[in-house]
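Below are two complexes that have subunit A in common, paired first with subunit B and then with subunit C.
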Partner chain A sequence: MNLTLFDQFSPPSILGVSLLLLATLFPALLLPSPNNRWISNRLSTLQSWFLLLITKQMMIPLNKNSHKWAAILTSLMVFLLLINLLGLLPYTFTPTTQLSMNMALAFPLWFATLLTGLRNQPSISLGHLLPEGTPTLLIPALIVIETISLLIRPLALGVRLTANLTAGHLLIQLISTATATLLPIMPAVSVLTAIILFLLTILEVAVAMIQAYVFVLLLSLYLQENT
Partner chain B sequence: GPLSEQRLMDVRLGQLPAWLSTRDFSPQGLLGGAQKAWSSYYDKYINVKRGGPAGISMLLAGYCLLSYGWNYQHIKHHRWRTYH
Partner chain C sequence: MFSRLVLRAAPAALRNLPRPVTVGVLHTNRLLHTNEQRLAPLPPLPEKGGEVRHGLIPEEFFQFLYPKTGVTGPYMLGTGLILYLLSKEIYVVNHETVAAISILAVIIYAVKRFGADVAAFADKLNEEKIAQALAVKNDAIKSLEAAIEQEKKEQWRAEGCTYLFDAKRNNVAMLLETNYRERLMTVYSEVKKRLDYQVALQTLKRQKEQDHMIEWVEKSVVQSITPQQQKESITKCISDLKVLSKSAHATV
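On to the complex of A and B.
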């Protein structure tokens, strides 16, 4: 059995049946569906408050046409947030460390923003390829550069999320292994490593939340450009 | 009442095989049982007027244990490794 550092990222399975779907759907359990009561329980109240907050923040810079994206952007934000934060619990599996899943999220959504722009206002969308005020001689080069940067956006979205979470999890695993191994040998150094581990965990919690936010923010930015 | 109508916690240990034979193990039956279990947990610990972190924390702790069980076949190789 080949035990590498990246084995923690393999999806759990029972008797060969992959439990990737179950692990991805688990966050749904933590979000109670609203019932007819005005105030049902504290969890629902908290959830409603939070959802209203992020939807409002996200929809302010967008114009009326893009408000139909509110549901998908908000649910994407909550989905990523919950998955990233749940991955920090011991032994849990983080689906967003799989590049396949992040690309499956990033590529269609980015492509949808691109198609929306090209369909509804093609000249304005194409006009974004050339920043204002560029010297005439630079125009061909700049158009090529801007096209490349446009086409690389889905790749950047997916890889950013994957790389940040994977790197964080790897660091946590390495430093905790170092702490545990050093404990019988040099307890003082082990305590130092434990402090580093504590700080790293706080960083990872922040990174989990920030990465979800950045993903959705960039998508809404691309949408803003194109509507 | 009759055995099939009693809940799991009210069934005596000796009656357990007989009780299990009365349960519905079709996919709909299993799904219905899972739904019932979730809603009774939800109504008892989370859907209360002054709930606290306890309801969700128990759920997350159960999820950690479940993930440990799912990964056990992989984790058991770590115990006696010389180099980690």
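On to the complex of A and C.
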């Protein structure tokens, strides 16, 4: 089938039934469930080791209260990682290229951190709006600026993830279109473009992992500020 | 709450239905697992996963086709399938194909380069776990063995106690004997001292008596020497001396 460049970003549907939910939840099926063996197979061992690593790294800077967030942050990390990496395969739909999905993830979580901070330690949370050691004249302006910066955080989180992944996928499609079109016309240039595509794919793999990590890291930072 | 009542009354009500109906009705208050669950020991996991060829196709597929089509059968099937899909444009070659080739190249490179290392790492994690438990077991065994050695040594020591007691008994007997001899010696020496004293006393007395008697005899002899006797003895001495000097002159 001939695809336009943006067909990869439309949620898949069969006979009018949208498969968006299936596409979003599918990566969870690829993870082995921990079985009741003491020594399990390689995949389970690696998975447990990886989860332990993520949880430890994320929870060390946070204080005791915010350890409640361990499950959601770790599962968010694994979720985003898998979705991003699986989206690099051909003909796959990446749910995280949809701004709606990323905003649905970012906004409630950010808001939860904000409300936690305002409820438990309101003066400290509001105190973050003014960095230490600012000259007295700048205080009003700085508070306004910091408030805007605070309110733009969820937007930034969502849009960062969406933009990075969408741009990456689009670039891959564009360069592969160029390679495919140039192949009968100028094979040498086509080969060059193919090499660029190869490097870009490696970059995209890295970006996929990094974006997932950054998302969760920023959320944990916002949490750290507010608890 | 009403629904709870209904749910609880449902099985009994269902069982009161006529016999042919109850047989087919599922009794919801009974667990579906009717056999005893075996919790331990669990059946062992297979050591390795299923054999795969080219990372995708299980070995069993090749074995399945081998009797009819030989070794090249599956490959012919694969090639034919791919060519069919391409020529009939069931699979259309577009830009996604190029992207697919690229990502496939990346994946194959990653697996070939890092696959063995990752597997070795996973194995190492498991090995460490096992090694820890083994270490605990071995330490326990070692400490118990050491305890056994200690116990054996103590038993040997207890056996040797009889010799120890014999030696000690001999020692004590010897001490007693020595003490007894020493005291005997003391008694003997004391008695001898007393007797020596008495002997010395007697000897002294006799000596004194003898001395006194000699003195008395000498005194009486000296007193009894008259002057006539003195003169006579002196002239005799001189004549003797003259005779002697004459004989001495003769010899010289």
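Just so we're on the same page, the second predicted complex is superposed on the first by the 223 of 227 C-alpha atoms of A that agree within 3 Å, B and C clash if a C-alpha of one lies under 4 Å from a C-alpha of the other, contacts with A are read in each partner's own complex, and residues count from 1 in each chain.
In this text, a contact is a pair of C-beta atoms (placed from the backbone, for glycine too) under 8 Å apart; a residue touches a chain by one contact, two chains touch by 3 or more.
Predicted, not measured: the structure shown is a model, and the values here were computed from it.
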| item | value |
| --- | --- |
| Subunit B versus subunit C as contact partner of A:L197, first or second or both or neither | second |
| Contacts of A:F26 with subunit B and subunit C, given as first, second, both or neither | first |
| Touched partner set for A:P131, first subunit B, second subunit C, both or neither | neither |
| First, second, both or neither for A:L88, with subunit B first and subunit C second | second |
| First (subunit B), second (subunit C), both or neither touched by A:P122 | neither |
| Partner chain in contact with A:P34 - subunit B first, subunit C second, else both or neither | neither |
| First (subunit B), second (subunit C), both or neither touched by A:R42 | both |
| First, second, both or neither for A:I14, with subunit B first and subunit C second | first |
| Contact residues common to both interfaces of subunit A (with subunit B and with subunit C) | 1, 3, 40-43, 89-91, 177 |
| Residue ranges of subunit A touching subunit B (in the complex, touch as defined) | 1, 3, 7, 10, 12-14, 19, 23, 26, 29-30, 32, 40-43, 86, 89-93, 177, 181 |
| List of subunit B residues in touch with subunit A within their complex | 38, 42, 46-52, 55-56, 59-60, 63-64, 67-68, 70-71, 74-75, 77-78, 81, 84 |
| Footprint of subunit A on subunit C - complex, ascending | 42, 45, 49, 92-100, 102-103, 105-106, 118-119, 121-123, 125-126, 129-130 |
| Residues of subunit A defined as touching subunit C within the complex | 1-3, 36-43, 45-46, 49, 88-91, 172-173, 176-177, 179-180, 194, 197-198, 200-202, 205 |
